[in-house]
Every structure is written in C-alpha cells, then in structure tokens.
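Next come two complexes, and both contain subunit A; in the first it sits with subunit B, in the second with subunit C.
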Partner chain A sequence: MESLSIKSGVSSPSVDFDPETGLLRMGGESYPENSFEFYTPIIAWLTGYLSDVTHPVRFLVELSYLNTSSTKCMIDLLDQLEAGFKQGVKVSVDWYYDRDNERARDTIEEFREDFTMPFNVIAREG
Partner chain B sequence: MTHFDLFSLRDVFADQGVMICFNGPFSHSVIEELGTAVRKYLESDAAPKDRIADVFAVFVEQAQNLKNYTSNRLFAGAEDGRFRHGTLVIARENDSYIVSSGNLVGPEDVARVKTAIESVSGLDKVELKTLYKQRLRTPVEPGRGAGLGFIDMARRATAPIACSFRELADGNPLDHEGLSSDGGLPAGTVFFNVSVFI
Partner chain C sequence: MKTPIDPSDVVEVPDEFRNDPVLSWADSLTAGNELRTEKSYEFFLQLLEKYAGLLRRFSKVLRISDSYQREIKEMNVQLNEVARTDYLTGLSNRRDMFEKTSAELSRVRRHGDSFSLLLADIDSFKAFNDTYGHEAGDEVIRAVARSLKSNLRMEDLCSRWGGEEFLIGLPSVDADRAQQAAEKLRIGVESLVIEYRGERLRATVSVGVARYVPGIDIDALVRHADQAMLQAKRAGKNRVTVDV
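Take a look at the complex of A and B:
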C-alpha cells in the first residue's frame, strides 16, 4: 500500500501515514475550505489500510485546532480506527496538546469519551 | 471625486472598541489571512491561550458561515457583487472580546439560520455539550455545514449569543446601498447580524 502524505497549509493539516511502520501522523490546524473534501480520501485510505494490516497502528495527532466540520470528519476517522480495534488490530491514539491551552484538552477529552481503544491525551510545552 | 473621510470611520471604531474589521467579499484566503492577524493581535494583547483559542474558533465559524451564506447562487446576479459582501468585527469591551458579523442571508437559508440560533438559546453548558455530541453523530449532506457552528460558539461564549434579522423590504434602511428588492435582491432576503461575547 502507498503511503499517504499531505503537506500542511495555513488551514489544512499535514498528513503522514506510513503503512510500513503503522505510524499515522497528523499535525497543524484544521479549518479547510471544504473539510469533507479534505478528509474523505484520508478516511478511505485508512479504511483500506485497516482491512488487512497485521501489525500495531499508532495514530499520533498534533492538531492544535479543528473547526466544527473538521471535528465531524475526525469522528468518522476515529470511528474507523475503533472499528479496526474491535476487529483485533492493535490500535492506539496519542494526542498531544499545549499544556497552557485547557480548551484544546477539553476538545480531545470529548473525543476520547466516545471510544474504547487506547487513547492518550498528552500535555506538553507549547 | 469625493475625499473619503477615514478619520470619522476611525472614530466610530475607537468608540466601539473595534480591534479588527473586514468588510468585503469573504474568500477562504481572506479567512486564513484575517485569522492569522486575529491571533497575532490577541497574543500582543496578552490574552491567555484559552481565550485566544475561543476567539479564534468563533471567528472561524462566523467567517465560514458568512462565506457560505453569501455564496448563495441567488446573489450572483448583482452587478457589483455587493450582495456577497460581509462585515466582520472583533472588538473589545472591558474584559470581553466580541466577534460580530453581518451579511445577507438568502430566502431559502433564513429558516435554517433561525432554527440553528433557536436550538442553542437558553441552554446551559451541559445541555450544549449533549446537543453538540448528538449533532456530531448526525449525518449531513455533503457540502453543507455540519450544523455545529452555533452550538460551538454558544459553548465558547460567556453570554447569550445576540442576533438580529432585518427584513429588506422596499424603503428599508439599506436602500441607500442599492439593496432594495428592485435592485435585484431576491425577495425574502434578510440582513443577519450576530455577536458572540467571549
């Protein structure tokens, strides 16, 4: 499977999904002009990847802001990971946030509430 | 040729605590540029990071709403594109920031905006969270907003969202801008103005 790599823009996140290592990274900010258009191919890639992956998958997120339509897309993305987890894939989510931004932590905690897969919310210096 | 009196405009802005104002057509790149400016300004204003995050988020939701509603196909016919213009202001009043925007909303979108505003009015933070999470799981038509914008703004706000809908009939106060119905504006269009306090 081809890796998936998208460079970040002012309002669109970087994506770096490596099928060999199972490390899937996203970072930056997410309020693109059309969130559904941006996230649809990412979710499609992930769905395909999870259907036959045999090693652990780590979703490493360093997104500092998501607008509401990106948040909705992110739920769809996390749903795919959760579905993979329930089918036996060793999935984990590590989501980093700036410790001075409590609001960012609340947003991530709200994501975590909806899932049973290992989901770490990790503070670090901004 | 008329000399444009920016001095009196600055007076109005100063009186109302306006920090940043944009008036014109909103494109995605305008939203990006303005967003970057808003953040830098708030950082220089020594606002805490949580506060900056809230003001920025409310700005993005309002600006994207504004852009979506003014992209209405019915507004495309205006000769000078003025129906597509919107105004967005970020102001400070004592310890509060205010994000306010004003734009035309086409007849087929008015009910949607009113419903969205009504659905969050009077709800406390816990009820807003419940509604937000419920709406996150509700499928939407592609290309449409997620229906979450006003809920998100209400959750970040420190006071109820203030808004007004001004009917644009013949002889309305906006006539001098050429926005009367015989100026090509679709019947049933309203001027929508919303302010969120953070």
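Take a look at the complex of A and C:
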C-alpha cells in the first residue's frame, strides 16, 4: 500500500501516513475550504489500510485547531480506527496539546468520549 | 405474504410513552396492519437508535466546535489586550491612548464638559541609562509609571506615550484642577526611591498641562501639552507648566 503524504497548507493540516511502520501522523491546523473534499481520501485510505493491516497502528495527532466540518470528519476518521480496533487491530491514538493550554486538553477529551480504543491525551512543552 | 396477527405478539405500550408524539406517528404508520407487532417495534427502535446516534454525534461535533471557538475568543481577548498594553509598564500604549482620548474628546464635544491632557517626561532620563545601564532605565520607567497610576483616579487615562514620556488624560477636569493633579503627580515621582541593585535612584518629571478648548483636535491638544512640558524643562525641570 502506498504511503499517504500531504504537506500542510495555510488552512490544511499535514498528513503523513506510513503503512510500513503503522505510524499515522497529522499536525497543524485544519480549516480547509472544503473539509469533506480534504478528508474523504484520507478516510478512504485509512479504511483500506485497516482492512488488512497486521501490525499495530498508532495515530499521532498534533492538531491545535479544527473547524466544525473538520471536527466532523475527524470523528469519522476516529470511527474508522475504532472499528479497526474492534476487529482486532492494535490501534492507539496519541493526541498532543500545548501544556500551557488547558482548554485544549478539555477539547481533546471531548473527542475521546465514546471511544474504547487506547486514546492518550498528552501534554507537550509549548 | 400476510401473516395473521397473533394477539400475544402485540406490544403493550408503557404508560410513559403513551403520549409521545413519535409513538403516535409510529402508530399511525402501523395502525390496522399486521406490522403492528413486537417485531415492528423492534425495527422502529433500531431506527430510533440510529437517529439518536446521529443526534449524539451532532451534539458532540457542536460541543467540540464550541470549545475551539471559546479558545479562539479567549485568544482574541488576550491579543487585543496585548495590542493595547505597553509591555514594560502595563499602561495603555500609544495606540490605546489615542483611541481612548479620541473617544473622550468626542464625548467632551457633545456634552460641553472639560478635559485636560498632561504630558509627563522623566528628567535627564539618559543619565540613568548611561550611568547604570538600560535595565536601570527600564526600572525607573516602571517605577514612575506605577507612581503616576497610583496618584490618578480610576477614570483617568494613563499611557506610556514614548520612551520616557507619559500622556495622561483627565476627564471632566479644568485647567486649574489639572495643574493641581499634575503637581500631585510630580511630587509623587519626586518622593520615589527606586531600588536598583543596591543603588537608590531618584527621578523627577516635568509636566506640561493642556486643556481642551472647543475646536481643538487630539493632535493639537497633544502638541500644546508637549510645548508646555518643554517649557517646564527649560525653566529648570521637575515642575508643572500650564499651556496658555
């Protein structure tokens, strides 16, 4: 499977999904002109990847802002990971936030709600 | 293919749901036909569960989105605060002072109230920097700023206008009372003892006073205060001069 790599834009996050290592990274801010257009191929890639992956998958998130439609897409993406987890893939989510921003922690906790896969909210020096 | 209804298969509706509009709607869909069985309600419950799930999802997206919005709002407030504050002293900066004074002047114009503007400049400031270094100069500026602020009323405007210059606005204060206020500020600074690395520094200010007269704009008013301040400097510093 081809790796998925998208450079960050002014309003779109960077995406770096490596099928070999199982490390899937996203970072930056997400408020693209058309979030659905941006996220659809990412979610499609992930769905395909999770259907036959055999090693652990780690989703590493360093997003500091998502607009409303990106938030919706991110939950869809996390749903895919959760579905993979329920089918036996060793999925984990590590979501980093700036230590000085407690509000950010609360927001990520909102994302985590309802998921059963390992989901870590991790403080990082700003 | 139609299956006859088995009476034992009909669901008893619990009392608390009897008046629920969604149930009435389901009833109207299934009334009088063979679907009105336990199975039909099972299907209906699945449908409800699906929509309830979508609603939960929707409110989750909204909650997260609100949370990000709050973050941005708070950041905006902070940025706005930073953009209006002088970093060294915490007083209003030039931009904030300009806006507040403009607003004050339009109020004064409308209501025919009085308004005075003071420009206070630290005397021989360069000597602090030259003798003790820039940090000492900064400490003097901070100490003077604190002193000025503490000798003003809540409603007065106090800003760092330039390097060692402070522009102060006194709403509803005429020239006589402005002179008294300026004198109080001058004495306040004069009596300061500024501790800096074991040294006890003393500072004084020269203050120019300008009063609002009808027709004058903010630039002219500042110019008048500046001229009065320079006059105070020429007359020997550490004094108050009123522009006439």
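Here is the rule we use: the second predicted complex is superposed on the first by the 126 of 126 C-alpha atoms of A that agree within 3 Å, B and C clash if a C-alpha of one lies under 4 Å from a C-alpha of the other, contacts with A are read in each partner's own complex, and residues count from 1 in each chain.
Quick note on the criterion: a residue touches a chain if its C-beta (ideal position, glycine included) is under 8 Å from a C-beta of that chain, and two chains touch if they have at least 3 such contacts.
In this text the structure is predicted, and so the values were computed from the model without any measurement.
S.K.: Which of the two partners, first being subunit B and second being subunit C, lies in contact with A:68: first, second, both, or neither?
M.R.: The answer is both, since A:68 touches subunit B and subunit C.
S.K.: Applying the touch criterion given at the start, work out whether A:33 contacts subunit B, subunit C, both or neither, answering first, second, both or neither.
M.R.: The answer is first: A:33 touches subunit B but not subunit C.
S.K.: Using the superposition on chain A described above, determine whether A:103 touches subunit B (first), subunit C (second), both, or neither.
M.R.: In the superposition, A:103 touches subunit B and subunit C alike.
S.K.: Examine A:11 and indicate which partner it touches, taking first as subunit B and second as subunit C; both and neither are also allowed.
M.R.: In the superposition, A:11 contacts subunit B only.
S.K.: Share the list of subunit A residues that count as touching for subunit B in one structure and for subunit C in the other.
M.R.: Residues 65, 67-68, 71-72, 75, 101, 103-104, 110, 114, which sit in both footprints.
S.K.: Considering only the defined contacts, which subunit A positions touch subunit C in the complex?
M.R.: Touching subunit C from subunit A are residues 65-68, 71-72, 75, 101, 103-104, 106-107, 110-111, 113-114.
S.K.: Where on subunit B does subunit A make contact in their complex?
M.R.: Interface residues on subunit B, with respect to subunit A: 28, 31-32, 35-36, 48-50, 53-54, 56-57, 60-61, 64, 129, 133, 136-137, 140, 142-143, 145-146, 148-149, 151-152, 156.
S.K.: What does subunit A use to touch subunit B in their complex?
M.R.: Interface residues on the subunit A side: 10-11, 31, 33-36, 65, 67-69, 71-72, 75, 98, 100-104, 110, 114, 126.
S.K.: Where on subunit C does subunit A make contact in their complex?
M.R.: Interface residues on the subunit C side: 56-57, 60-65, 67-68, 70-72, 74.
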